[in-house]
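As structure tokens, here come the structures.
Two complexes are shown next, each including chain A; its partner changes from chain B in the first to chain C in the second.
And now, the complex of A and B:
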């Protein structure tokens, strides 16, 4: 029973981090119609940047501030050089971001190296929780993810830029006619997407390993959260990510992790086939 | 010359070069390029299966590696575990891939576009993880190797892929048959139905086409092609491994197909060849050559959005004599790609 609780809670924590990353994917997907194959690598770049920050300064907390800013800057540059020339071509975006994914992975392999590394959590204490000793860092990671997701929704609904993003998404031509600088909004959206994925990388760094291939494993999971939550339904993405990871965590306490992964994939295909527009799509829409 | 004549000439030249490659490649460069050329042709079949679905029916499959892997495992399990001969194992691989495509397709083609892409990834991941965990049968991460059975043996004499020349001609024969098959299908009424569904599935349904059945047919044919590619690759490498079923392999096939030019029959060969030649040439020069590959992929997409096949067609149109005199009223009609 303790194993079920522990793995279930790990699942929720992991699901919240995935939700943060998948939200970035979802806004890039929804606003720019870019199928971003490199999104997992944005996350991976986040973990590696965090490793470099820790390696040079010896303080992991700094990474939480520095890495998202770096991610934002890298994202803006990528949007300007790679994404803008192929705007409005979803099939081409797959190929272009695949190229981007190769470049990011290989650059990391060239600088950081091919051997995975482990980061030690900045908080090493444990607390008694539901009858087991639970790592404080994981609780912190969950809270930070929730806070970041909350900030993102506030930004989207309470600021001018956020309103612009929603307007451009709804109708780019009218938005441009109303004087909204759509091109800049695209750039900021992509940059925010990268920043969120890299923040996810910093948060997850001490929980997983730092590895140039880490993005490859996480990418399908993020896409599934976006699709199952319903395309364009950001709250749905968050809920789907947490539910999927929780389900997989609980499954993993009964069978081996690979079988748990197969189980959650089967669940996902069932959901996709029965409710292709997401589990939260009402029957009225 | 007309555009069609130039294309025909180009095709004949490439076909002649392919047939004579075992003689001139060792003279020009190195004999190991014969093997690489054979490998390119095998991989191009996987890209062709993506192209058949995406370029002609409008379905973007991110799971073709599943059928490639089925073809591989059919051959490897057939030879190593069941003790089958060459042709029964080859048949087992292709039948497994095609059957898998029928089952997966029956579910997947109910969805389109993003949803279709995701469900094909999900299906291929399920079997990737299954192959990883079912070690006694599949060998998991290490893969499953086998010794090559002869193609035919009559008494003392036998024909086997262990002879590099036999292997090369066997591969180009099978790959050639697959491309000829696709060419025939795409020229047939079924091919027109594919294009009708791609252009507008509602209209296609209104003129009486069964859109579901047409998509499923295309999916099964694509699965068959990918399965043949996988079976060939298993014989080529004498082993099968779960890593070839991972979604990254499917993604590479999508990239090759689009770089080569989606919706052109021979585009996948061009795209696959370009990227494999780049890999072979650059990997000696620089350890991190993949960075350059990524840059080239992005540049091709930005500057040649219709792929290299599209570039070729534009070039041909520029040097070719127009086939029919242009109508005087209409300034410039939309050229067919």
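And now, the complex of A and C:
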């Protein structure tokens, strides 16, 4: 029973980190209709930037402040140069972001190198938790993810820019007619998506590793969360990421973790069959 | 030196055909055919007297590129040394490099290109087990000797051939070299955790046989899917009674394993043991103590002091790395030393076999294969890893191995395992000499 609780709790922790990253993917799809194959690489860039900040300054906490800002700036540049020219062409967006993914990976390989590195956790203590020596940093990372997700929703619902983002997402033509600078909103939205993925990289970096292909494996799980939560449904994405990871964690205490992953894929298939627009498709897009 | 090249995309065909365009096409075709004829005759002549083309199939990009960089550097260094010393049988060596992109499909395709387009007569092959196993049937079909550098035992086993050689170790040899010492010094209750693909399973099978034969207990294996980020669900399944945790991960998954197992304090409860492939091209200092106290079976000791001779010293000088961490301080790259030496030494093995057999052109290749079978290589600048033999039966290199432990982020030798000890525990399971050439 202890193992069930421990792995279920670990699933929630991991799910919250994934939710932070997947939320960026969902925002980009929801507003821009961009199927962003490079989103995992935005996460990877976040881990590499965090490593660089830590390596340069020796201060991990500084990475929390600097990396999302850098991510926002890079995201804005990418939106202007890559996304804007292919806007409203979903098929092209897949090809363009796939190319972007390769460019980001190879740029990092050429500069940072191909050898994986470790980002030391700022909190190295462990606590005995349901039979496991559990990293305190993981609990901190989960709290940080909750805070970041909460801040994002506050921004979305309590600020003028957030209202503009929702308005443009709901009806871009009317929003433009009302004087909302839709072009700028698109750029900010994409940049926020990048910033959230890179913040996810800072948070997850000490748990995973820093390497140029770190984003490749995180992307499928993010897509699963976005699909199960409902394409473009932000709250649904967060809930689905946590539920999926919790489900996998609990399953992993009974069966082989690989079977648990197969189980979550089966769950996703079942959701797609029964509710093709996701579990939370009743909510707004 | 030639590099693989991409041809220009062909223009879309035109629908109309005029007399002028027909004549232009016919003339161009005639010119091309004439050129090709002279090209063929020139090539046939070159084969017997010009440079000897040796292909190098390596991972310059993709997931294995941190290793591939060093394999390429080793190959370049070997060709330089050979050419400066007068070449092979008086003929210069021309190196043809193909980047596998760390991808078996691309690696196999480029091997064909190396042999058929770039006319490589011999190929020093990949360290990526998947690429190596995809390449051996092609090299065999094209009757071209191919040196593997990866560890999957099948390359010189069930999927090997008369054309496939390996001077380094495979999972069979690594198990035979490491298990006796580890059983005696680390413990008898083992749990193995490995990536869920051929390399990991091969290690598990080979180690399990030897551990159980020596009276040890092997707990249920834990196979981790590639690309896993959070290892806690897997690490939580390690039985409490485990004395030795044997892991065989690669690259990022390896760093994740050491980081997460350390943070769960598994290293305080059990001894951690692995093979050099899991720490290859990684400096323990760069992962902040995550591998501290871990035992590694190496093919070539990382610090100079544990095989301290002039050839080893000269080799690391050629590679531009320091004698303790095997790191190039300018680039920050750590040499993949336990494997990359094969991409250096294999050229010298070929040189010895070509000269011994009197090879002139590809029709003489069977003689080179016969010369390679049982070839003895002495510790020298050509073979800085040490004296070794390329066993005649299974084309496997019999080499010295080194059991080391990471202490204060340095590799410290605990046991030198001579090749004679290894050979005694490693009877050949295949005899490729029964295959027709």
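As a convention for this text, the second predicted complex is superposed on the first by the 272 of 285 C-alpha atoms of A that agree within 3 Å, B and C clash if a C-alpha of one lies under 4 Å from a C-alpha of the other, contacts with A are read in each partner's own complex, and residues count from 1 in each chain.
By our rule, a contact is a pair of C-beta atoms (placed from the backbone, for glycine too) under 8 Å apart; a residue touches a chain by one contact, two chains touch by 3 or more.
Keep in mind that what you see is a predicted model, and the values were worked out from it rather than measured.
Novice: One more residue to check, A:10. First (chain B), second (chain C), both or neither?
Specialist: second
Novice: Does chain B (first) or chain C (second) touch A:178, or do both, or does neither?
Specialist: In the superposed model, A:178 contacts neither chain B nor chain C.
Novice: Tell me the contact category for A:216 with respect to chain B and chain C: first, second, both or neither.
Specialist: Both partners, chain B and chain C.
Novice: With both complexes superposed on chain A, which partner does A:147 reach: first (chain B), second (chain C), both or neither?
Specialist: neither
Novice: Does the superposition put A:259 against chain B (first), chain C (second), both, or neither?
Specialist: First partner only.
Novice: Per the contact definition in the header, classify A:135: touching chain B only (first), chain C only (second), both, or neither.
Specialist: It touches chain C, and chain B stays clear.
Novice: Is A:272 contacted by the first partner chain B, the second partner chain C, both or neither?
Specialist: Touch partner of A:272: chain B, not chain C.
Novice: When the two structures are overlaid on chain A, which partner does A:114 contact: first (chain B), second (chain C), both, or neither?
Specialist: A:114 sits against chain C, while chain B stays out of touch.
Novice: May I ask you to decide whether A:126 touches chain B, chain C, both, or neither, giving the answer as first, second, both or neither?
Specialist: Second partner only, chain C.
Novice: Do chain B and chain C touch any of the same residues on chain A, and if so, which?
Specialist: Overlap of chain B and chain C footprints on chain A: residues 106, 109, 216, 256, 258, 261.
Novice: With touch defined as at the start, can you tell me which chain A residues reach chain B in the complex?
Specialist: So the residues of chain A touching chain B come out as 35, 37, 82, 85-86, 89, 91-92, 94-96, 98-103, 105-107, 109-110, 216, 220, 223-224, 227, 231, 256, 258-259, 261-262, 265-266, 268-269, 272-273, 276.
Novice: Of all residues in chain A, which touch chain C in the complex?
Specialist: Listed in rising order, the residues of chain A that touch chain C are 3, 6-7, 10, 14, 106, 109, 113-118, 120-121, 124, 126, 132-135, 137, 204, 206-209, 211, 213-214, 216-218, 248-249, 252-253, 256-258, 260-261.
Novice: Spell out the residues on chain B that touch chain A in their complex, using ranges where they run on.
Specialist: Touching chain A from chain B are residues 54, 60, 107, 110-111, 114-115, 117-119, 121-123, 125-126, 129-130, 132-133, 247-248, 251-252, 254-255, 258-259, 262, 287-288, 290-291, 293-298, 301-302, 305.
Novice: Hey, which residues of chain C end up touching chain A in the complex?
Specialist: Per the touch definition, chain C meets chain A at residues 61, 63, 65-66, 69, 196, 223-230, 232-234, 236-237, 251-252, 254-256, 259-260, 263-265, 281-282, 286-288, 290, 331-334.
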